[in-house]
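Have a look at the structure below, then the notes.
Going in written order, the chains are labelled A, B, C and D, and every chain counts its residues from 1.
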């Protein structure tokens, strides 16, 4: 099996889908000849042409709306926002048009929106956001967030093959930092959680870029489980409850702003459905409710760090 | 003290602010001569003129963006979305421009966005939403949601006088159903929770239209407290923890879709900060993750009902 | 047009009887716009139809009984009670149901046209936009994209003088049809109360669209003759304006023409009335949706089935 | 212009030394646009300045040391390290810092102009928009609103031929300046590499705006002579295009004029260089922000203080 970076795994999924299914096409700003802001579609233009790797005007609303129209026509559009942050500009088309179509009209909207998200490299308030919770709170959208190269590919295949609109959160900070062995060809990863490391004393429930952070933070601790959610909608409540039942103590880690984040939902699920298994408060680590500052010392002060995760685990283990 | 409906209380706050502070002006679709879709600004046009009760083009993005510009210039714009649902069309200007301005640039944006929200009258998927959680997850915005006529006026005065962008959730279903004595003139209600009914056996934590529902559902139960949050950002964590500490059992009620809702955040706060006070799981009642259907039997099946609240309380009291 | 007028009148009376929940919108006096435009589209074309355009649904072949059931939130309505009165589109007739947010469907229509283009199909997409909705960004993003990619799409700008209570003078300084050519989109303006003029304009636009000659914006000049919705008495509209347009009623206009052609209009009206009576009975007999199904269908579980072709039995392209 | 070019060159070299975090954008070759436009604005006017328009900040009186500190994320930068390099505006100089989302500030500029109008003040607002950003809905909503309400606002359409890698041919079918008049907005097109032409066009627009004669869209035709950001080698731009515009460098052009007027350009350059050296030292000596303050200021706690006037020491309106 070849070793790929997280970014290469995403490229590989897109390439394989474009080759296998002529209904699939990509659209976004600068993804064609230029290969995309992060070079995810590097070389695609040559192989697949301008129609299937389509450069669009700078118009996020139109990108999402056009994708909806193409999807209900039987195509499989995969739209890229240049940065996840710009989805705010196409928000209405996504939450009102794409998300509600099947429930309202029985008309499936098989499309994917790729959102390069997350901070950690001085991107500042508009290039560092993790907006997944907005979409978890918008019925009709699926939301997935891989943390490994293998899952990045498998989840993207599954997302493209899914008959629903799927928001694909790809964390920019993992693009080139994370690599791993990735199966050749098309395979799908289910929208279910995965135990990244088994343990029995405490579980850290997290997703995306916080998975490697959690693994690092707890590497030397005894019996700490790390549950990688992978899918946020649907949320794998069973896996969460199972992990909590076995470990009895929970730390939830989120890179997004804390209030009403994915982590808040996980905590609420636990407080309702696994209360009796709990042996201590449900701790949360997240970015406080603040725009992500640009300057490195400020950014480092707000993003969840390996140290903060470790301290929270230590504290709870001693509870 | 005059008795006003919730709607009249909102009108009264707007009128008093327009009279008292020449910096205040209103803008929105059809709010001028027509008096607004719900007649909140009925008669204002005659008293204050077209400049201060400004009919705008059908352009939500521009409404929010224009309000931001006016606010940083020292005015006090109060923008109305015809229905809360349409804020999705002005989302980017609200969460990216208005919300982050003060943190990024030290420039205050004193504006209010009024969002007539909520379901219960066959408004269907686009006239029934409760989008407050999107804004709780957007740092830099305050979010308030009155449940009584008195608070509707007091919170709106406070919102207009606040130097920050405030999202004012006014529940359409309360407009004419709720009435109460309301103080004359300008007074401000703090962005803090209020105990709607004191109790000691169980606390129902809620806000907006679910406050009267919770009061009704628990009227005949013994010692059930109802905590009306009133403000969602800032969230009154102290009042929540205090109520939970005294009551030990909690039901959280939300009209919004459940996942990542305000109620999820409240639950997470409790699971983290009041875990030891809990005598049972933290129950949640909310609308499931579904667009709000139009047809009465379907809508009734998804919105939280008095019966469902009552059953949850009964169950937990017997825990 | 007769059917649209009759169905809406019936729906309004059902509304007044409390049988139509929510609010009620109609297109009284604008029937020629959607009837004329939809007639010009072929079965394989795709449409996103708006709230004043009921005739387009009828032309596509949607059964009157299902339309009345839709208004009443019945199980047999097009959306099975999930969405409200005019917010529907029959996917089996090549239609995508509108969302409330106007004019979002313009971007969706581009996507429909793009699919034709990418597949090399000679067909077109049609949607509508009000004078008011033209102020929104989606109007611009859609026109610009359609122009730069030369999509086979037709936008009908339904200029009915008002957006709720807002007259066009507070909506724009210049008639938006003028903008078309600045996007590389053909722009034409027609009498929206003249069904045949509408047909001709959209028919030509459709020919061009299907032949890869790009998009057209067709302005239909008309008048909203009822209030914005059933609750609105539109006292803000000058009486003379209403009178002026009342004299130009599209059905009267077309009736005169048909009479000259020897059509028996009374018989036609009787047929329509009978059909509406039957539809009304059928719809009233349809049950309300089962509350136990309220959570079904948020997600598609099986294979995604795409839009099917319309019936368009009277289409100008039926034998093309 | 010299100062902008010099400061950006210095910032770029600091970037290459790893002293500027994140990415780095500049306006090399476009200096005349923002310099010329900002010179035409009075101290009491308001500006939203974009990422290719550093000269406008300088004209407003923002100190070079604070600009370099801003690029480096230092505590003494305009935003104190909270926001990135070009995302700033000095509120004490009448400027609102841009957001990344382009061209959102067009709507904000309308609000600035609306405030003038409501207060009866004779002043104007200025903002910019790229050729690429013109495709977004905010462009449309802002122009339409400005046109219908006749706001005193000036939009400079900075047509530098590219939006990141996207040439204007993939962005629009017709030059967006043509759209101006279809909104009731005056539209003019000028040579954006000619500082004096820019000044004249914006000066006239500003006179009209302040006098209640409505908005203007000024297209500045220019060329982005560097990559989109420091990482971009812009190999997608044809060499001839770059050469064509290189011969039309705005600073060369203006230098020639000044020379004819007898200005000692070498001395000017020496002054600018000395100022930049001093600014650079000052900025480098400024500390990074204190991480303990990272959460401060999400909300305004005291009274809201509004925008203050700029210095605009060289403004064409300084003595007006």
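We adopt the following convention: a residue touches a chain if its C-beta (ideal position, glycine included) is under 8 Å from a C-beta of that chain, and two chains touch if they have at least 3 such contacts.
Note that the coordinates shown come from a computational prediction; the quantities given were computed from them, not determined experimentally.
Trainee: State which chains count as neighbours of subunit B and simultaneously of subunit D.
Mentor: Shared contacts of subunit B and subunit D: A, C.
Trainee: By CA centroid distance, what chain is farthest from subunit A?
Mentor: Measuring from the centre of subunit A, the most distant chain centre belongs to C.
Trainee: Taking the mean of the CA coordinates per chain, how far is subunit A from subunit D in Å?
Mentor: Here the centre of subunit D sits 35 Å away from the centre of subunit A.
Trainee: Subunit A to subunit B: how many Å between their CA centres?
Mentor: 30
Trainee: How many angstrom lie between the centres of subunit A and subunit C, each centre taken as the mean Cα position?
Mentor: Chain centres of subunit A and subunit C, defined by C-alpha means, are spaced 39 Å apart.
Trainee: Taking each chain's centre as the mean of its CA atoms, how far is subunit C from subunit D in angstrom?
Mentor: The computed centroid separation for subunit C versus subunit D comes out at 45 Å.
Trainee: Out of subunit A, which residues touch more than one other chain, so two or more?
Mentor: 57, 59, 61-62, 85, 88-89, 92, 96, 100, 103-104, 125-126, 139-140, 289-291, 293 - these are the residues of subunit A that touch more than one other chain.
Trainee: Which residue numbers or ranges of subunit C touch two or more of the other chains?
Mentor: Those would be 79-80, 82-83, 87, 99-101, 135-138, 141, 144-145, 148, 170-172, 298.
Trainee: Linking chains that touch, what shape results: line, ring, star, complete or other?
Mentor: Graph shape, chains as nodes and touching pairs as edges: complete.
Trainee: Within the complex, which stretch of subunit D touches subunit B?
Mentor: 46, 78-80, 82-83, 87-89, 91, 96-97, 99-101, 104-116, 118, 125, 137-138, 141-142, 144-145, 148, 297-307
Trainee: Given the complex with subunit C, which residues does subunit B contribute to the contact?
Mentor: The touching residues are 29-30, 33-34, 37, 55, 57-62, 83, 85-86, 88-89, 121-127, 288-291, 293-298, 300-302.
Trainee: Can you tell me which positions in subunit A touch subunit C when the two form their complex?
Mentor: It is residues 25, 51-52, 56-57, 59, 61-62, 64-75, 77, 92-93, 96-97, 100-110, 139-140, 142, 163-164 of subunit A that touch subunit C.
Trainee: For a test of understanding, state which residues of subunit C touch subunit D in their complex under the given definition.
Mentor: Touch list, subunit C to subunit D: 135-141, 144-145, 147-148, 150, 169-174, 176, 178-179, 181-185.
Trainee: Over in the complex, which subunit D residues touch subunit A? Could you list them?
Mentor: It is residues 21-22, 73-74, 79-85, 87, 99-102, 132-133, 135-137, 163-166, 170-172, 236, 288-295, 298 of subunit D that touch subunit A.
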